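Chain IDs A, B, C and D follow the sequence of writing; residue 1 opens each chain.
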Amino acid sequence: MTSAIVLGGSRGIGKAISDALKSIEIDVFAASKKDIDTSDLNSVRKFLENHNQTDILVLNTGGPVPKPFATITEDDWKLYHNQLFLGFVTILQNIKINDGGYIFLISSSVIKEPNAKLIISSAYRAAFAEIFKVLSKEYAQKNISCINIAPGPINTDRTQELIENVQEFEKSLPMKRLGEPQEIGNFVKAIIENKIKYLSGVTINFDGANSNYIF
Amino acid sequence: MTSAIVLGGSRGIGKAISDALKSIEIDVFAASKKDIDTSDLNSVRKFLENHNQTDILVLNTGGPVPKPFATITEDDWKLYHNQLFLGFVTILQNIKINDGGYIFLISSSVIKEPNAKLIISSAYRAAFAEIFKVLSKEYAQKNISCINIAPGPINTDRTQELIENVQEFEKSLPMKRLGEPQEIGNFVKAIIENKIKYLSGVTINFDGANSNYIF
Amino acid sequence: MTSAIVLGGSRGIGKAISDALKSIEIDVFAASKKDIDTSDLNSVRKFLENHNQTDILVLNTGGPVPKPFATITEDDWKLYHNQLFLGFVTILQNIKINDGGYIFLISSSVIKEPNAKLIISSAYRAAFAEIFKVLSKEYAQKNISCINIAPGPINTDRTQELIENVQEFEKSLPMKRLGEPQEIGNFVKAIIENKIKYLSGVTINFDGANSNYIF
Amino acid sequence: MTSAIVLGGSRGIGKAISDALKSIEIDVFAASKKDIDTSDLNSVRKFLENHNQTDILVLNTGGPVPKPFATITEDDWKLYHNQLFLGFVTILQNIKINDGGYIFLISSSVIKEPNAKLIISSAYRAAFAEIFKVLSKEYAQKNISCINIAPGPINTDRTQELIENVQEFEKSLPMKRLGEPQEIGNFVKAIIENKIKYLSGVTINFDGANSNYIF
């Protein structure tokens, strides 16, 4: 039976992916923050002791609280360096993805269009996107596909916290609504279910036509 | 019943998309060059008389014969300006995509990483990608998703013609193989089947980790 | 004496480049629309009869009147296909750039962040940017540098026409002002004056920090 | 008198920039690793005690030794996180750039086209590029221009170390040579000398037409 590990699998986009994968008979470990806290490398290493291989890996984690650049402390930077970058790096250095498997990275549209509010997230998610791109070429040799999904505004608890007036915000979006986590869940499921392998080394904006950059 | 028009639907990627959509009970019109020749605007206009609306539209057409820049004539430019750009523009100006529909553009990885051999294709496909991006925001208001798929080396007759020694070429690719048209066909099918709508205004490299640009 | 041909050299950015180059003793031919109309290939060919070589070439031309996509006619497309693309192509196919020379393309920030108002310009300028990128590698062999400058909002007659309330618009810009044509003129001059050659195959946003895309 | 601080100013590109700025009567502090070691935040903070304002700041630092991903240790990541990212962040959080000033970031072409050999550099330089882009909009309000120069293969000691057979490598480059540090030095000088301010929020490939990505 195909196995999957979904980080941040207990809520938001991670939960939607877990649920979608379960619906096609995949043996999903939906890891919550209790199972693995990517901001704590010891927690990451402990997790890896019990989870050292999988067919499908979904790298997904919440983002930092918005903070103006001038007020971000050294501790803040280091915390999110772990959470958004070094935790994932440690996982990829130590986990075996089985041949023919998949790695999905749930990043953010801010890696292409960074903003002041999410400056920490913009920086470290972009850093990891570089790692992921480089590794996609190595994983390709084992028929493992690496897919970076960069969501725009999605209807999660976090978006509800970040945006003051969600209803007003939705009116400003091309589709007049937030994306639903289930759309991303189903997208991930669909790729796996259809054994689409040649989609790899790619960053996929998932933002309802909201971004302005040509690519 | 959901309807689809697939241009260049009789061979290669277009045929794979047609076949995949037929498998989920979509009423597909797989247009061949006899039905519509996008390099001939009269042919395009005639086609539109009989095909003036659809739920799903797949904009897909073959590329030009490779020619060194210095030898490309005014007639060549104008022919492929029609085939790769103005034909598609004319279609979008005159066809009604039903609310909640999809438009897929099959472009090419050369729009991001152009090359001398495919310079005509690089130019006009990039031009149309700009149109498609701009329009994605308008179509979003009617819940129509616009998805630009940019294939890398795919196992089609055309690739067999373009590449001298395909077997040797495959060894140079990260996945050690060309992509299969069916992977793109299934990808398109999967998006529609799963009613994924928030994926819009996006260019998706479909190249088996072959491209080098970070995004 | 070093020679330069500046298209659209009688006004706006083109004039500013001409003036800057004249200030460093370059023999500048500042071509006006009377000398060469890039929307008319016969005019282009005639110009090339008398101007078939140069040390420095500045490809620069005005953009189209803004028109909504639905109302753009076949004639419009073909006119601007000539003006923004095929005219430049014809020039590069027929002019000799002397070894160690420069080609500057004045494009637009809309090639990276297209918009509905300037959709024609977005498309054809992007198309030519692809040609220019490909050719930069060939020109490099003769030590000719190809530099694509992509201006954002610059204080020209055209901007004054395009923007309804310029003063209000300026307040929305990061620098609270339009760019001055002289800044681009001096930039071009400075590169030549300092014999900077390794800057080639590059697209340089010139937009006062206005664009949002990371690169 | 205009003042400048150039990090890594004692060798390679940093030295070339220092020398170029000195040639136009700028009061340059060419900081060597003895003055400030960006990999050591205490060293950074100490430096800032004595250098808390400037007109021109050049953020420049050497890159890591190439190491395969699998062998990079937690300590390596943290060291280069400081050197390539957090050191620069700390500087920008604590130094005053005088109104009308300039900040230059010397990054690398690997931020757009990452590679396995320079994976650490690709990641952290990309991360800082995001910070720099976001801040360019804030600095713009004080007429401070932020310019990210992304060099390709430049003729420095480091390149000589990284590349096994430099002569052979040069033949593979479009210009058949490495770039010279002086070209970047003169470029920086030229921008300042000509008071070009509207060039901001931009990443400028400086790679002799070597990159393949369209922008």
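Here are some notes:
One rule holds in what follows: contacts are C-beta pairs under 8 Å (C-beta built on N, C-alpha and C of every residue); 3 or more make two chains touch, one makes a residue touch a chain.
Computed from a prediction, not measured in an experiment: that's the story for all the values here.
Any chain touching subunit A that also touches subunit D appears here: B, C. Seen from the C-alpha centroid of subunit B, the farthest chain centroid is that of D. Here C-D and B-D are compared, and the pair linked by more C-beta contacts is C-D.
Subunit C and subunit D have Cα centroids separated by 28 Å.
Taking each chain's centre as the mean of its C-alpha atoms, subunit B lies 40 Å from subunit D. Across the assembly, subunit D contributes residues 111-112, 114-115, 126, 129-130, 133, 137, 214 that each touch 2 or more other chains. Within the complex, the subunit C residues that touch subunit D are 111-112, 129-130, 133, 136-137, 139-141, 143, 145-146, 152, 154, 174-176, 179-180, 183-184, 186-187, 189-191, 193-211, 214-215. By the touch criterion stated above, subunit C contacts subunit A in their complex at residues 111-114, 126, 212-214.
Considering their complex, residues 41, 69-70, 72, 74, 77-78, 81, 85-86, 89-90, 92-93, 111, 114-116, 119, 122-124, 126-131, 133-135, 137-138 of subunit D touch subunit A.
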